[in-house]
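After this come two complexes, each holding chain A, first together with chain B and then together with chain C.
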Partner chain A sequence: MATELIGGVEIHVDEEGFMTDPGEWNEELAPALAKEIGIDELTDGHWKVIRFLRDDFAKEGQTATLRRVSTMANVPTKDLYQLFPKKPAKKMSYIAGLKKPVGCV
Partner chain B sequence: MKKLLVLGAGTAGTMVVNKLRHRLDADEWQITVVDQNPTHYYQPGFLFIPFGMYGRHDVVKPKRDFIPPGVEMIQAEIEEIEADNNRVKIEGDRWLDYDFLVIATGTHIAPDETPGLEALGDEGPDNVHTFYTLEGAMKLEKRLRTFRGGNLVMHITEMPFKCPVAPLEFIFLADWWLQEQGLREDTNLTFVTPLPGAFTKPVASKALGGMLEEKKIELYADFNIERVDLDANKIVAYSEEEVDYDLLVTVPLNMGAAVVGRSGLGDELNYVPVDKHTFLSNQHDNIFALGDAAALPTSKAGSVAHFAVELWTENFLRFIDGLEMLEHFDGHANCYIESGHGKGLLIDFNYDTEPLPGKYPLPGIGPFSLLEETEMNHWGKLMFRWMYWNILLKGKEMPVPALMSMAGKWSAG
Partner chain C sequence: MPPKFEDEATDRKLCIIVSKGTMEWSTAAMVLGNAAVSEGIELHVFFTFWGFDAIMNKRMDKLKISPVANPSMKVPGTEVGMSNLLAALPGMTAFASSMMNKEMEKLQVPPHREFMQMVHDAGAKFWACRLTFDMMENTVGLTKDDLWEGVEDIISANDFMELSEGGQIIFI
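Coming up: the complex of A and B.
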């Protein structure tokens, strides 16, 4: 499995660069991951989403969808697009050290 | 007397009571099913209505015709599920107690969740439609009769939704129908989806995407709708991308029953979180959810409900005797995809195996070709309506296995 050096830390990633071991993530890693995808500063708004994703993943075992974040964490989808431009589902999970949410079949 | 209460007499709920009435001792078990709507819809048939291939009489029958003797059917609105007290409140201030509860309340369109789609219905604009209800499909049939060309857009709001192949089938049939009407050259067909491609899984997505290209249907992927601009006749995404339409056919957001959400039993879309192999609720050990009502990582489709109920019935009989549940549902789905010109495709997949090409064996009738257009698959789809009403709903044996089989499939590599 591929590894990458992010913020001086070696992490395991899949072919798209998403972390494959949620245990390798911690909050210090998030700003470095964010920089990788062009988000230079993590605001309170970003952290609210990232922490929700981590807590929800710990309970549910899967990455929350945009719909779930907007409903359960009370962050409107419009805001998610501002915080994580263009591809919020991918970007928020990338920074939170999780796989991208699965589009159901 | 033990009480089994089933909420919803759609595809899953009807199969459950038919299967169990024969298997549970009538002196020991009372079975009740509640549904507010007296009509059973053959929903796969809605797709054919806009093109005049089916009419209303092809897709409706009374629900009571499919409820076996010995099962009490109550036609009433379900108001609240009080899971901690093992009881359900229905309209008229009536409470129904249960020992075991099956939630089979399905999934429904929720156009109100998307600005601009609130008016989808009788008073709505005449160029915004859906075929996900019988009324909607009939209204679209009427509209198509006066269609003279322009931008026809088939649009999907959000995953998951009922029958994920239906929008593709619609655009394939539209392509065919427009050719027959001599309107195809005057029409741009566009398929707009929140998914990254034509379908969810790579092999099928590639094959179906190729078919869109062949039929000169434009694919607009990764489109997350924010609103419909009714004045400017365009759909607008959160990313501020826009698609113009002259005629919009949309699959609105799908949601589980409101009563599930109200009762604290649902996820963010009112689907019931359950074990994906046994359908037992994550919260209550006497509640199961079957069919579209369950939050499962597989298609919301009648075939899935059918395979699920087959396995669940055996498990339930073990469960009530205090035995471990053995039959493990694998997410098996099996869908015909109508592709126009009297042809169709067949896909067969589960939680772990994506739809693959090959042959689908069916004793006495098959084989059907998988992920390939054939006339045989089209006839399979038409024949299925008879099987649905006469075999499947009544809980009789269907000639297809509940668990997916790799027989006849070519591997992904």
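Coming up: the complex of A and C.
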């Protein structure tokens, strides 16, 4: 499996670059991952989403969809698109060290 | 290599024509639309003819699926097609609709109005067909205020041709 050096740490990734081992992720890694995809600073708004994704993944075993984040973490859809422009579902998962959501909605 | 999200952020444009106001087809439109906007694709949704049910405040919370003349609809829990005689019994449309609602809820598909809001908040533009509007103005006294507030404008087929230039079109 492919590995990649992000922020000085070696991580395992899939063919699209998403981390495959959630255990390799920690909060120090998130800013480095964010920079890789053009998000230079993680605000409280970003962290709220990232931490929800991590908690939810720990419970559910899969990455929450945008709809789940907006309803369960109370982050309006508009904010998600502002925080993670253009491709919010993929970007939030990437920074949280998770696979992209598989759900349709 | 990390994903090249920005490079992929495409100039792709998608236009969905919604010509039906049933629960299943309006949901199909919103599922595709939602997928498009969350991939950074510019999205326009044009509602025409029966599709108006999906943008009329009075009707959009009560969209239905009809079991009549629908060979794909089976008697629940079986592979037996529902006969039209059975499907035509009073209450069957309401029953089928409530079942579908429940199933969609399980899959976290939002109710139609909320789904529309979600796709709208993500940047999609919704348009109403001029000819349909004029016809409904004459027949049921429809006014612009009867349309859901997320509808950008009432536009003609020619306007739609202009705004869909260079885009891909899905007709539902």
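Here is the rule we go by: the second predicted complex is superposed on the first by the 102 of 105 C-alpha atoms of A that agree within 3 Å, B and C clash if a C-alpha of one lies under 4 Å from a C-alpha of the other, contacts with A are read in each partner's own complex, and residues count from 1 in each chain.
Here, a contact is a pair of C-beta atoms (placed from the backbone, for glycine too) under 8 Å apart; a residue touches a chain by one contact, two chains touch by 3 or more.
These numbers were taken from a predicted model, which means no experiment stands behind them.
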| item | value |
| --- | --- |
| Which superposed partner A:R68 touches (first chain B, second chain C, both, neither) | both |
| Touching partner for A:V102 - first (chain B), second (chain C), both, neither | first |
| Touching partner for A:Y81 - first (chain B), second (chain C), both, neither | both |
| Partner chain(s) touched by A:E36 [first = chain B, second = chain C, both, neither] | second |
| Partner chain(s) touched by A:T20 [first = chain B, second = chain C, both, neither] | neither |
| Chain B versus chain C as contact partner of A:K90, first or second or both or neither | second |
| Contacts of A:E4 with chain B and chain C, given as first, second, both or neither | second |
| Partner, of chain C and chain B, that touches more residues belonging to chain A | C |
| On chain A, positions contacted by chain B and by chain C | 65-68, 71, 77-78, 81, 86-88, 103-105 |
| In the complex with chain C, residue positions of chain A that touch it | 4, 6, 16-18, 33, 36-38, 65-68, 70-71, 76-78, 81, 85-91, 94, 103-105 |
| Chain A - residues contacting chain B, complex | 65-68, 71-72, 77-78, 80-81, 86-88, 102-105 |
| Residue ranges of chain C touching chain A (in the complex, touch as defined) | 1-3, 5-6, 8-9, 31, 34-35, 37-40, 107-110, 115, 117-118, 121-123 |
| Partner chain A, residues of chain B touching it in the complex | 158-160, 164, 194-196, 200-201, 222, 224, 226, 238-239, 267-269, 297-299, 333, 349 |
